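Heads up, the next two complexes both have subunit A, just with different partners, subunit B and then subunit C.
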Partner chain A sequence: MIGKQLSRWTMAWFAAALAFLLAALGLAVLGGAGPGLWSSGPGLAVLHLFALGWLCQMMLGSLIQFTPVLAARPLALARLALPALLACSLGTLMLAGGFLALDGWEPGFALLAAAPLPLALAFGLALAMVGATLLAVRGWRQDAGRAVLAALLALAALWVSGAGMALALSGSDTGMVLLPEGMPLHVLLGVGGWLTLSAIGVSYQLFPMFLLAPDRGSRLRDAGFACALLALALVLAGLAALLLGGGTARLLPLAVLASVAAVALYLAEARRMWQARRRPQPELNMQWSRAALGFLGLSALLGGPALWHGGAWAEAAVFAALVGWLSTLTLAQMVKIASFLTWIQVFSPLIGRRPVPMVHELTDARAAGRWLALWVAAAAGGTAALLAGFAPGFRLAALGLLLAALGLCREVVLIRRLRHLAADRRPALLPPIILPPSPRRPDHDHPRTAGA
Partner chain B sequence: MTIPEPLELDVRTPLARGEEPFSAIMAAVDSLLPGQPLRLITPFRPVPLFGVMANRGFGASDRLLQGGAWEVTFTPVVGAGPEAGLTPGSAAGAALWPDPARTLDLTGLMPPEPMVRILETLEAMAAGEVLFALLDREPMFLFPELAMRHHEWAGNFAADGASYRLMVRRGDGGGRG
Partner chain C sequence: MADLRDLVRDRLREVLDPETGRDLVAMGMIYAIAEEAGHVTIVMTTTTRGCPLTEMLRQGVEAAVSRLDGVCVVEVRLTWDPPWTPDRMEPA
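Up next is the complex of A and B:
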């Protein structure tokens, strides 16, 4: 039971994800991605370094940390967390390298064909840990648990569609039926089904906690989840239709419509939680989560035009979702979660024995707020630049995102080192920044009478 | 109903490496199926564990193996487990504890403030005294800390699910280390 609420590898997942974030943004600044470039080799590499390396790894690491809290029991097969992380990082690197084959880099074809294997291993291990833990406590009876379980189903389908397309691009006949009609399904599964649905599930638990709002469901929530399930079912049906040689012409608009309805209902639910809060002045993480929710609404609004017109509309919709919605939410909560976990690791053994700081004292809220503001401004700028097809504007936005990400990385390191506390309030021995801490010993080991 | 095969855990190797086996043992206990015994192999007779496991509703039988190691089988005692509805990890005998010496209303506080208040209050109490606390949610990060300090606890959600009720009995010695 000791330490069962702290996953040992959470910080390592976060660190790997942040490294991929910096790599993706660095390559975007150098011109690897931009308006109209998303189906080029470097464009796809940047996109997947971002979506898979940054967002997906961040989400998997968060779920591994969060699921035991949700399920009120230890994570099943927790020792698989490190192999899953290694496989996921390796698969992402292979996939990103593999996309360079599209621009004539010959060894890329083999990488593209092989990349789905480590990713299958990573997702399989994550499914085994998170899925088994939630199923064991019948997690589908809880709002958060059922959203995460549906998201895991989308993750499996995301892999099927992605692996099929990677094989087709590498020159194999397998998966050819998925090109190009499978692309919008793949995007909907990744951005909507997997990442957004799991973020929504986690938010059902975290938002009431951070806002001090009543932690209970509502009809709005049930209706939103029903729409999300319908959208997921339609996308899965579309994928099945394609694999069986059919088309998606009728299913895709319905899936987009159901997704937009689900987003609208979720935003109304988030507004309800916000208004029911008992904390008048929410902390930084919740204030910037509001900006993220704004981007979620924006990307849903762009969804219709993206479906009819494609091109710049689709690029802007996906960018607003990945960078504006999911990344802003993740970065804002990451600062909070890093300071909370660090506080628990360092100070919980000291409570009652010496004065301990408050959790928020571990963070420089003003500095973090400035970096988050830069991130949000650059995300808005990038969305606009994509809509306008203005490449220099996009590179400038990417530079802003890179600077904001670097600033937030620095802030997390400062939090882990307790640099915002005066030196005399820092314990001499701090846990490692990334690697797991060594296990703690119980305070005393003398015998106690049985049955006391 | 058939009794599941015991889960076996040998902690001699981690102990020889200087690692603390307690968390691995508790993780194994948490992963047991209903009714499943835990068979533990240790280099010495793990007396402190008997009390910990008795509180979680396990009886113990031990025997000395050839070579000096001990084999202890912890078997769940029917009817000794915590009442249905209590959070897993709750002490079995909580119904027999004395009336609370201290009561804390910790609703409306943001984590980890409830945990801080509970642990600070416990430090000022005498061994065996009971603290009652009312919370908004299950204090997930508190439970491991209570175990580390050898306090016992039992908790459950109120019938409407809107608040969580926690009883903690102050451990002996208080773990001041």
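Up next is the complex of A and C:
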């Protein structure tokens, strides 16, 4: 079987995540979110469609795909990938709908109270697949593995904090102790602990591969990870303190400080990898990952003022992290992963037997680069608009993000259909765009070429 | 007459790494080639142990070499000891 270590559901995870991305951005364009609106029902709905539906699902789908590469063994319990995806999508929809209760939509309270259940199932299944695979190879001994394992711990704590607050907002006494002090902890766990630590872990493995840079650890990396672990421990301690009736006044500034130090050290490590590369002209995904890293630095710089002043500073810091750092990185790598998976499915059986195109030929780098440039410009504009509290500017930025996302979705479809290859280089049979090829139909694994 | 091992090496220069566009020999992924009475043994690696292309590359090498005249049996062994590093690449 072709690529026995490949997850069959990666494109389905990506498609579901992209649908949530378009929904979130569409609602933002219509005014559902903007400066000062993030604690409203629609604002929280848009935020969670984006953070949970888009970024979290992309990260889970990517980890399910990437973990076998990291562990050099097939994913444990791989059959759970589809149930996890369905549960995560359902939980996201219920949570987003539930937030509308805050603006008076009565059925929303029941949704808000129930949404943590499918999300617990989704996260539990993902933890079982990814965690079991990494633990089986003692993944904590690898740089990437230990970062992903720490991120999974943050994901579990993220659920605890989120479920508690959702229950409290739905009217239950459970979780009331988390409001409002638990909010910054929840944001740090989600943006920093879960998403950023996962992204950093994956980048330890993928950046050297894509850049052809020596993959060796360094003191910088060890120091950065130590700071990240310290930040995570402080946030977990803060969460425990809140649940036990205490406060987070002393822990939170220390956690932010450790996070900023971890980011600074990681950026220095990424710069070292870039400079040590053997690939003179890195591909599109790595070119635009640099912009993402710039946003990571920006969000860390905004972290201090966000903690002290809150308000617009906090909105801008979180936006820069979610949209500028995590989404730019995700979108840039998504184009690459879609090309690579498509290439494996279509052309890998022909290696050594006949000439095959290169992976990069499946992508129109110029077109994808234009959409990524628009995304980055709009992310910068959105960050500035939030800092200035300028709602029309934010909606314009959201429109730019939506157009860029639509353009990149189109690019992924074109990649899956091999539209950037000349017709005579395309096989007669192509794998489905989203769903996995049927294991009973070997045609997808061994497609016939047009001339064969 | 050219040594069969040289012919095998030349043939492997026609098998490209789809990521970089460079052939497997230039990538430094071919660790050893041995031949005895038409029985060819190739020891190769991949850029990372968990590379999803590992099995396809192994089969591709086998297919490419088995078409050479004088080759009766091709055995392709994978190893990651020593692990591949970019230092193994031939200068561009």
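The definition used in the following text is that the second predicted complex is superposed on the first by the 437 of 452 C-alpha atoms of A that agree within 3 Å, B and C clash if a C-alpha of one lies under 4 Å from a C-alpha of the other, contacts with A are read in each partner's own complex, and residues count from 1 in each chain.
One rule holds for everything that comes next: a residue touches a chain if its C-beta (ideal position, glycine included) is under 8 Å from a C-beta of that chain, and two chains touch if they have at least 3 such contacts.
All of these numbers come straight from a predicted model, not from anything done at the bench.
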{"item": "Touched partner set for A:Arg366, first subunit B, second subunit C, both or neither", "value": "neither"}
{"item": "Partner chain in contact with A:Arg219 - subunit B first, subunit C second, else both or neither", "value": "neither"}
{"item": "Greater residue coverage of subunit A in the superposed arrangement, subunit B or subunit C", "value": "B"}
{"item": "Partner chain in contact with A:Ala71 - subunit B first, subunit C second, else both or neither", "value": "second"}
{"item": "Touched partner set for A:Arg141, first subunit B, second subunit C, both or neither", "value": "neither"}
{"item": "Footprint overlap on subunit A, where subunit B in one structure and subunit C in the other make contact", "value": "2-6, 68-69, 72-73, 209, 212, 214-215, 278-279, 340, 343-344, 348-349, 351-353, 356, 359"}
{"item": "Residues of subunit A defined as touching subunit C within the complex", "value": "2-6, 68-73, 205, 209, 212-215, 278-280, 340, 343-344, 347-353, 356-360"}
{"item": "Residues on subunit B engaged by subunit A in the complex (per definition of touch)", "value": "19-20, 22-23, 26-27, 29-31, 47-48, 50-55, 60, 87-89, 93, 108, 110-112, 115-116, 119-120, 122-124, 136-138, 140-141, 143-145, 147-150, 161-162, 172-173, 175-177"}
{"item": "Subunit B-facing residues of subunit A, complex", "value": "1-6, 68-69, 72-74, 76, 78, 209-210, 212, 214-216, 278-279, 340, 343-344, 348-349, 351-353, 356, 359, 439-452"}
{"item": "Footprint of subunit A on subunit C - complex, ascending", "value": "15-16, 18-21, 47-53, 55-57, 59-65, 85-87, 89, 92"}
